[in-house]
Structures are given as structure tokens and as C-alpha cells.
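Chain nomenclature is as follows: A, B, C and D, assigned in order of appearance, with residue numbering initiated at 1 for each chain independently.
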Amino acid sequence: MIKIGIVGISGYSGLSTLEILLNHPNVRVMYVSANNTRGKLNDIWPRLKSRTKLFCDRYNSEIAIKECDCLFLAVPHTVSMMITPQLIKAGKRVIDLSGDYRLDRVSEFKRWYHSAHQDGRNLKKAVYGLPELYRADIQKAQLIANPGCFPTAAILGLAPVAAMYADQIQSIIIDAKSGVSGAGKKATLGFSYCEVNENFKAYRVLNHQHTPEIDLYLSQLSGTKMTVHFVPHLLPVSRGILETIYVQLSSNISPGKLMTQYKRFYKTEPFVRVMDAGQQVELKNVQNSNYCDISLAFSPDKRLLVITSVIDNLLKGAAGQAVQNMNIMYDIEENTGLK
Amino acid sequence: MIKIGIVGISGYSGLSTLEILLNHPNVRVMYVSANNTRGKLNDIWPRLKSRTKLFCDRYNSEIAIKECDCLFLAVPHTVSMMITPQLIKAGKRVIDLSGDYRLDRVSEFKRWYHSAHQDGRNLKKAVYGLPELYRADIQKAQLIANPGCFPTAAILGLAPVAAMYADQIQSIIIDAKSGVSGAGKKATLGFSYCEVNENFKAYRVLNHQHTPEIDLYLSQLSGTKMTVHFVPHLLPVSRGILETIYVQLSSNISPGKLMTQYKRFYKTEPFVRVMDAGQQVELKNVQNSNYCDISLAFSPDKRLLVITSVIDNLLKGAAGQAVQNMNIMYDIEENTGLK
Amino acid sequence: MIKIGIVGISGYSGLSTLEILLNHPNVRVMYVSANNTRGKLNDIWPRLKSRTKLFCDRYNSEIAIKECDCLFLAVPHTVSMMITPQLIKAGKRVIDLSGDYRLDRVSEFKRWYHSAHQDGRNLKKAVYGLPELYRADIQKAQLIANPGCFPTAAILGLAPVAAMYADQIQSIIIDAKSGVSGAGKKATLGFSYCEVNENFKAYRVLNHQHTPEIDLYLSQLSGTKMTVHFVPHLLPVSRGILETIYVQLSSNISPGKLMTQYKRFYKTEPFVRVMDAGQQVELKNVQNSNYCDISLAFSPDKRLLVITSVIDNLLKGAAGQAVQNMNIMYDIEENTGLK
Amino acid sequence: MIKIGIVGISGYSGLSTLEILLNHPNVRVMYVSANNTRGKLNDIWPRLKSRTKLFCDRYNSEIAIKECDCLFLAVPHTVSMMITPQLIKAGKRVIDLSGDYRLDRVSEFKRWYHSAHQDGRNLKKAVYGLPELYRADIQKAQLIANPGCFPTAAILGLAPVAAMYADQIQSIIIDAKSGVSGAGKKATLGFSYCEVNENFKAYRVLNHQHTPEIDLYLSQLSGTKMTVHFVPHLLPVSRGILETIYVQLSSNISPGKLMTQYKRFYKTEPFVRVMDAGQQVELKNVQNSNYCDISLAFSPDKRLLVITSVIDNLLKGAAGQAVQNMNIMYDIEENTGLK
């Protein structure tokens, strides 16, 4: 039994991680903490009543190190990098759900997260936890940077075409729509019910901190520098992300051939499903699951490819993917706990 | 042209009041204020862009008194009673949308609002602004206590039966369901989108501060002491209240006769509609209007009467009723601005 | 491995049953059917893509009998009673999610469902599948009448007080609020998005077909004839039922004592949770689970008891309870597949 | 007083038209009809109770012609072209809210609406009722083709840049998100509450019938053939459309200059509001109003322009624009009834 700790249990990602792990046959959750709440976990999350006897306290690294083999950090960015060095030094495995270890350079982090990075050493060691692209590295990793929710849907949607047709891609526009839980559990006016319900809007237009993460891993994959235009919108649903991705091509591609290539690319993947031609992905088909569904469509001249990609932002976009990474790290069947 | 001021323009009731008055032919809004915001009203509420040039500042009683004839106070309770005495002294008319002047005794206020009342003198002078019951008093009033949203739906739903069958009423249970705007514009976790969406719950069970207000005015109307059991619930919609009211009777009543009595009671009322037998009220029929719709149903033995009553909590439950009161006070046709 | 058939796979209850059983270690789903759809199950429900290879056809009793040990009937009422006799005769175990076998007399069925009952013989044999009250009977049953969603929340909410204080109960009013999936998967104007969203209303006031089911089993439990007043409302959420139950008592009850009695009554139940005093149940705490959560509150004079009871209508109110019943029938641990 | 008829009163656009006109000082609604409903309008739409005494019957051209000066056709496409010829011949003014008279050629209609056009003669006479571009023609028109909801938001969002920078525009992608009322009042499974709520999806990708309408009027405006890529999505809200429009440019444009040009272009328009730099449009700012709000944003290299455009699909996208057109046709102040 792997002994697990979850730091940041009062947020939605922390709760989701716990709910998966409570039913996971190979682990035992030993430790949970949160910064602003202390008490029985049952009282903090009444939905857990009678399902756990865990007690939540402020984070204490000594206890965490003593009690756990592997820690999930479901905390806001800049918090992870304060906690991680000690855990790594103590030989623990760490799966970080924040944005702290996803970019490759401290300068990039500073530019997009507006804070100086405090742990450049581990930033270099961290493995980007997207199993479909980095499974072999994840297996050997001590520190996982669990991908952002937007990048997960974007990179999985684009990977095959980026890998095989990089030189034909002229531009990529990602029009993303995210459910509200993506913003975390917060008492903010902008995320209050009356402001979000029956509303819709774009935000951080061409300026979202997940953009460089998409650029970085698409560029690694394709071997060329790739830059996407990324525009997120706030969708009045609790969970789920749909991205409509417009790829402009310098010459046409055969739709049938690309479909075959997508299906082959993801053939052995347990959590990516490529829809048949003419069928469109929908949020509800992936909610409460770890799947990423992908559809392809083409303009009549085959020069514009429209990819739609959906995930549940709390699962494949956060907790589900984190557990998938843990399964890989510990050589457990990859979909354990995620069926 | 009546010169109007609105205190508390950054909340939903204040905004609703303004939106009605911007299209009201007999008034001119001269002054708006809010405690936590300063700036062009267009910037505070982008939906007002190009519709007003008003500027919002912190409340200043001298300016308010100088510029206005009549003030709407759309502020939290305990704030109104700090502002009102000066305005009353200066001869202004005041329509208070808070709970400060609705109860009849300072002791009751203290018990339910957990604050000492600071203005007992005007508490006595205030007229309860429910036009269907107090129209004559409203006409002559200087200070209006605009009814709470729950009491408006409850009292209008119950008034005819309470007035005519008081001695037969054994118990009254009000199961109320309110949209989220009833809680005001707040950055509170409990009203954040992810907590409210797809959720439903009761709160302040048998312990809500609107209970004594319902008791008080039903008792005045019926001439007997009446006590209701009141249980509110939070409904995942932005606006609207539906109350299901269970009246247990000591002997049966004729449904046909009661229906006739309800229709007669409200025959000349511009904003109360009694549904025909067998037809149930719905929130959507009153949203964005000043109507209160009422349905009646009976158990087979005619000893249980089930009244359903709906209003838009921001209109008949707040701003709409406030303007209706103003129209009455200034002898303007009662539905002006409210069609 | 128990060989399972699901009749009515195109509806929400059928799908929910399948989704539970696909992860259940002791069963294998061999057969699915629907009346209006034919094809790969993956195409009918794209969310099942890559999770099953089942093919759906019109119901054929010979095939069903040949391939299955146990059948779940997730069909509209009046359909079950056409199918059931043959299955019972062939020795199959049947769990019927419709209303066909819940009442005890054909005359009652006729009165509330407006159709003549075609299978009075099995109506007598059927066991009411509420494990908390009828576990021993369920173990030996061949035919289970899986309870209605409203009765499940109502009876579980009331059982302890009805069992222990029957002679003090003067009246019971149930104000129920149900999510839209309770109405099934239908192309009906009244359940279209624009009619339900941001709306709320009561329907079938004091006239819903689940009323006699509640009366029947409360009466059995208490040994006295009990009659409830039941008023359902349509809640703008996809799944979940909350019932606010008002019990008027002839003499007061001690809140502390009743709380203890409730906790003791459900002490060994895996799926009923009694909230602590002062804590209110919420839909979101039971959604996607098989729990029924119950809260208790009292009026100051302890003569009015307010019970709030919540379930997920598709799980504890339908598919989850059906699987719980199957587990009991086959002597499998009761929460298998339902954690 | 202009005598008005509304054909298709049982749908959302017909109802919206009526609700505007009931408060319009210059008109009187004399006649309403619907194909599938007959009865008092109050019974068909309970929200109109006590507001009108109109009676609804099946459409009868003789009565319509006798009683009305001007008719609004709020019917499905292919129905308008059956009704219109007679009305035009009788000298009536017609405002058609369907798609029947929006395209310029019968062949285009056939291609996109999959039906043969039956009234090519009036197709030529019809004026496209987008006041911001065709006000002078509308004034003299007898037959108005009221624009589609998607084209209204698209063309208004693009008009200034299309008019002034046509030769620099390399490609236009419109990612549109529409509330559900855009699909009309229909008992269709795909628009049932449980299918739409908490869901999101693209549909008719690059294949929607509003595409040629956008192309046609942008081309007229710019004097060059323009082709857009149009992808609509279904948004889980009742009303409102937001379009995110990506304009790729062959050389950079000055953001400040373009902003000035947009503001100037719409300076005298009563219903178009251009947001200041950095401010994003939101659905809620235009719901229940006739406004179209527009924001502009640029990529760092100023080669990608991102326009966001919002309207209420039932008002500026249908009934509101129809009344605006009527006001222009009858030389009434343009915002009468629409404030």
C-alpha cells in the first residue's frame, strides 16, 4: 500500500484526488492538510461523511514526510515551490497540480505568473505529467508537473497533427470554454452565482498563463517552435472544458488520412477517444470521467482543420491525470481507480 | 419631475431601482451612492453604458438632501437607520428597502436582526409599503418600510384567507424557495457558482428574520395573533421566489367560494393575478415583472389549502414595489414605469 | 458471474444501471434492449465509447431468458407488467424500476396510474425493494419492486419517527423538489431547456402517483393507517431530490432523544447518513452517490418536526438502489459497485 | 396607431415581439395567429395574463389583411414565403423574422435551406433589415428580411474593419456560442433540459445556414468577396449570443486607430456600444435589451484581431431588431418601445 498525502484538501482538485484515492486498491491516504481550515474532513466536506476518518490540519512538512511516500500538491501556484524542495530532499515522490513546475525556465515563469520562481533546481528535474507524450519519463520521475487543464485538452487535441504536419501549420487559434470549477473554490464576486449564471464572456484574451505551456510542449513534440493564439471563456457549468481549435494549413490534408492517423496515435491510450467523422464531442460525455474526447472537421478546401477537444477539468484536467501519473510511477495498471 | 436619489447603487436592488426609474416619465435620478465603489456608473455597471451619465460616490447626506426630493435606500440592514433620521428631519421622503423599519418594536428588531435599533422614533412613523393592504397610509407616508421579498409573496398569498377565515386557520407552514439574488451581491463562498449550481438546500430553518414580519402583518390584517412556520430554501436560479403555503383548517372551505373571494379581493389590484382553478403559478411568468401570481389547491377533504405564490424578488420583492410605493406617494398612476 | 440483462437502456435509469454494473466485479452484462433504438450501445450513448461492445435491440423475451439470470426493467410503467410474467415463469430474478409492482392492490394501481393492472398474481409476490425496511424479504425475493424516487426519500426520512411515534403524528406534509431527470428522457415541451431553466413550479399538487406508495409503506411500518399530503415541484437541476417534510405532533418530542433514535435506527445502514443537529442536508452531498442524507429540526415548542431528506434520484432513487437490491438478493456485500 | 399582426405567436420570437409592442405607444396589435394552437393568448402564454385580450387562431390571410397594416412573421423558414406574396400584393408591410428572404438568390436558398424557394420575385424586393447598414433602404421598404441572430452579431462586429481594411483581411473565423432559445420553442430531445444543462458542444461545424448570409452582406459592405469560417456552439443559457471573431491580417493595424474608427462608425447608432480597450463584453450586459456590445483585442504583433460581439438573440437578434425596423419604416423614433 502506497502511503499518500494530499496538501490542499479544501479545494476542488484536492477533494477530487481524495475521492479517487479512497476507492483505489493500492493506496492509503494517510495525511491531508489545508491552510485555512482545520478539523475533521467530514465537517469540511460533508459529502465525505462516513467515508473517511481523516483529520485536516495546517501543512506540517515533518509529519507529511514521516507519514507519506507520495504527495499530491493541490495548492495555488507559488505555494508548491515552497513545499516541494523539502519533500524532494526527503526522497518523497511529488505530484504537483499547480503551475509551478510546468514551464522550463524561471524567466518564463516570472513573465506569466508574475512571481519569481524559488526552486529553479527542481524546475529542471520536473517531468511534465502528460502520459500520452511522456509516459517513459513519468515512470522514472520523482517530481511530476501535472499539466494545466487547458493545456491538457489543447495538446492532446493537437498532438497528432503537430507531430506529423508541423511544417504545414500556418496558425493555431484555440477558442477555449471552461466550467467554473477551473477557477478553484473561491469567495470572489466574479465567480458568484448571479454573476456567472446565464452569463458568458471571454477573459485574459491572448494573455492567459497556460499559453506558454501549450507552446512549449507542442514545440517539443513537433521539433519546431510553435505559438498558439489562446482565448479562454467562462462557461456557466460547474465542470468541463471544451476547446475549439482552428488549424490553418498551407496545403490541404486528407481528412480520411488524418482521422486514421489520430486513431492510430491514440490506439493504445486508455483515456483518449477519437470520435468518428461527423460526430461532435460533448462535455457530458466526459464529465466525471478521465477521458479526453477529440473530433475533427474540415473546411471544404481542406485548408482549415477544426479540432474539438473535451475533458473534465477536475479529472483529466487535474486529479484524474494526477492519479494516472501516480499509477504509472508505481507501475500500477494505468486506469486503476479511474474506471 | 421628482428628484430622486438612490443609496446603495452597487447592489442588485439599487441597480433594479435605477433601471426602472431611468424609463419613468415623472422622475429624474439626480444622485446615486455606494459605500465601497466610486466612479462613473457606466464603469460600475457596464450594462448601463450609454444610458446614464451619473457618477457614484460615497454617501454624503448634505448632497443627498440638497439634490433630492425622495430617496431609495437599497442598503444592508442597520445602515438605513443611520441615514434615515437626517433625511426625515430635512423633510425628504424615504423608501427604505432594508429590514430596518419593517417590524413594530425595537425589541423585535433586536431579537431577529441581532443589533440594537438606533431610530425607534421613525420606526413608529414608518408605513409598511405593501400597497395591496396599506395603500391609504402609503399615500400620506414620509417613510416607507418596503416589505421583504419573502413576506411580500407570503402575505399576498395569504391575505384573503387570513382576512376572512382567521378563526378556522389551525396552522400555516410556508415552504419558500428563493433565487440567489435575494442574498444580494456578495463575494461569499456559499453563494459562489460551484456551491449553488446544481444544488438545493434549506437554510435558517424556522429561524429566518422575515418570519416576524409575516406574523405581524397577518395578525394586523386578521385581527388575531397569527404565527407561521417558515422554512426558506436556496434555489439555483438568479431571480424569483416561489412559496408553497400549507394552511390547515379546522373545518372545510368551499374551493369555488374561496377562489371567488381571492379574485374579488384582488380585483382592482394592478399587480396581483389569481390563477384559475387547476392552473399552477410558475417563476417564469413573473420574472422581470412586478406581478405576484397566486394559485389555490385543496386536499380532497378541503381541510388543507395549498397556496402557491410567486414574485420576482428584485421587482415585486424589492425595487418594483418600491417604485409602486413612490407612485402612490406622489399620486402618479400606480403602474407607471412598471409595465 | 451473474449474467445480467437491462431492458430500457435508452433512458437515464437504464444507463445509470449499466454504468454501475460495468464496474461491478460479480456481474456481467449480457443483454440490453430498448424499444425505440437499435444499434451499438456506443452510438446510442457516446459516453460509453470504448467501455462496452454491447449491441442494443428491441426486447426479445427468448433471448433475454436465454442469456440472463437477472433482469433490470428500466421501462415506463405498464410496460414492466407485460414483460415480467414470462421472466418470472422462466425462473429469472427481476428488479423492476417502474411503478408496476409497488402498490399492493390492482385497484390502487388503476386509481393512480389510470391503467388496468395485467399481472395481479405477481403484484402479490413482489417485494418492495427498500433495503432499510425489507432486507430479509429482498434476500429471498424473485421479483423486486424498486421504490419510486420520491417514496425512497420520504420513507427513509420518516421511518424512525413513524415507527416510534405513530400515535403522536397528527399530519404529514411533504414538500418535494425533484431534478429533471426524474421525468425520464423525453422530447416534451414542458421539459425543454428554455421552459425549465430559471423556472420553478409545483405540479400534480396533492395528486401525484407516488403518494399511495408512501402511505402504504409508512402504514405497514407504523401499524396504523398513515396518509401524507404530497406536493412535488420541478427543480432546475439535472439530478437530485430534496424533500422538506413537516410532521405535526400532538405532544412535543425531545429533539435530542429523536436524534439519538434516528442515528440508532440507521446505525448499520451503509447508505443512510443522519446529519448532526444544526447541519442541513444538501443535494450536492449525495449527487453521484447512493446515499440518503437526513436532517432534523424542530419548532421552539417541539410540536413541529421538520425533516429534510435528499437522494440522487437516479441512484438511491433508481439504479443505485436497484443494484443494492441485487447485491442483497445474491448475497454480495451490499455496497459492491456503489462506493 | 399602426395596426399590427403577429403570425407565429406561440414561439419565443413572436412572444417577444408582442411584449415589446404591447408597450409601444404608436401601435396596436390587432391580430395574432399560430398554427398549432388556438385559444385566448392568456392561456397560451400565462405570463400575459391580464395584459391582453387577444385571441389566437390559425392563420387566415383574409382576416390578417383586413385587420392589419403591418405584419411580423415569426414563423419557421419556408412558411413565410407561402404567406408573404398575398400580403405584399394587398399592399401590407411585412417584417419577416424567418430566413426566407435574407439571401439574394433562390439557388443559394436551396443550397443552404434544402428547399426550393417559392417566391423569387419578392426575394429580390426584400430589404435586409440591419439598420446600421441599410437604414435608408429600410425606410422605403415594403418587405424586410429581418437578419438572423448569428449574422447580426457577426456583421455588426466586423462591419468597420471589413469596410476599411478589406484588402488586409486574410481570414475570418467566427466561433459563435448561442443560448438555447435560438433554436425556437420545440419538443426535441436534443433541446431537453437534461441534454443541454451542464453540457456544451459545437454543431453544424462549418456548415450552418447563417454562413452565406454573413458572407453576402460583408461582401456587399466591403466591395470584395468575403468568406467566413463559422462554427456555432450550444450554450447552456436561455438567451444571448456571444461571438468570438478572429481576423487574420496581412499587415498590422494600429489598435488605437481601429478603436477610434469603430467608435466613430457607430457614434450615432442607438443600439451599438463599443467597449473601451481592455474591457470585455458579457452576455448579461445585453440580455433583455436591444444592444449589440463589441470589444476589440489584438495579438502582440497586431496581426490577429479578436472581436467579441454580444446580443440578446431574441431582441437585437430577432424581435427587438424587427421593431427597430418597423420604427424606421414608419418614421417613429428608432428606440421607441426598445428602451
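Worth a mention:
By definition in this document, a residue touches a chain if its C-beta (ideal position, glycine included) is under 8 Å from a C-beta of that chain, and two chains touch if they have at least 3 such contacts.
Computed from a predicted structure; not experimentally measured.
The most distant chain from chain B, with centres taken as the mean of CA atoms, is A.
The greater number of contacting C-beta pairs, out of the two interfaces C-D and A-C, is seen for C-D. If each chain is reduced to the centroid of its CA atoms, chain B and chain C end up 39 Å from each other. With centres defined as mean CA coordinates, chain C is found 37 Å away from chain A.
We define each chain's centre as the mean of its Cα atoms; on that basis chain C and chain D are separated by 46 Å.
Contact of a single residue of chain D with at least two other chains is seen at positions 195, 198, 236-238, 282, 284. Listing the residues of chain C that touch chain D in their complex gives 12, 180-181, 185-189, 191-198, 236-238. Residues of chain D touching chain A in their complex: 171, 173, 175, 177, 195, 198-203, 205-206, 229, 231, 233, 235-240, 242, 244, 246, 248, 280-284, 287, 295, 297-300, 304, 306, 308. Interface residues of chain C, counted against chain A in their complex, comprise 22-23, 46-47, 49-50, 198, 273, 275, 279, 282, 284-286, 288-289, 293, 339.
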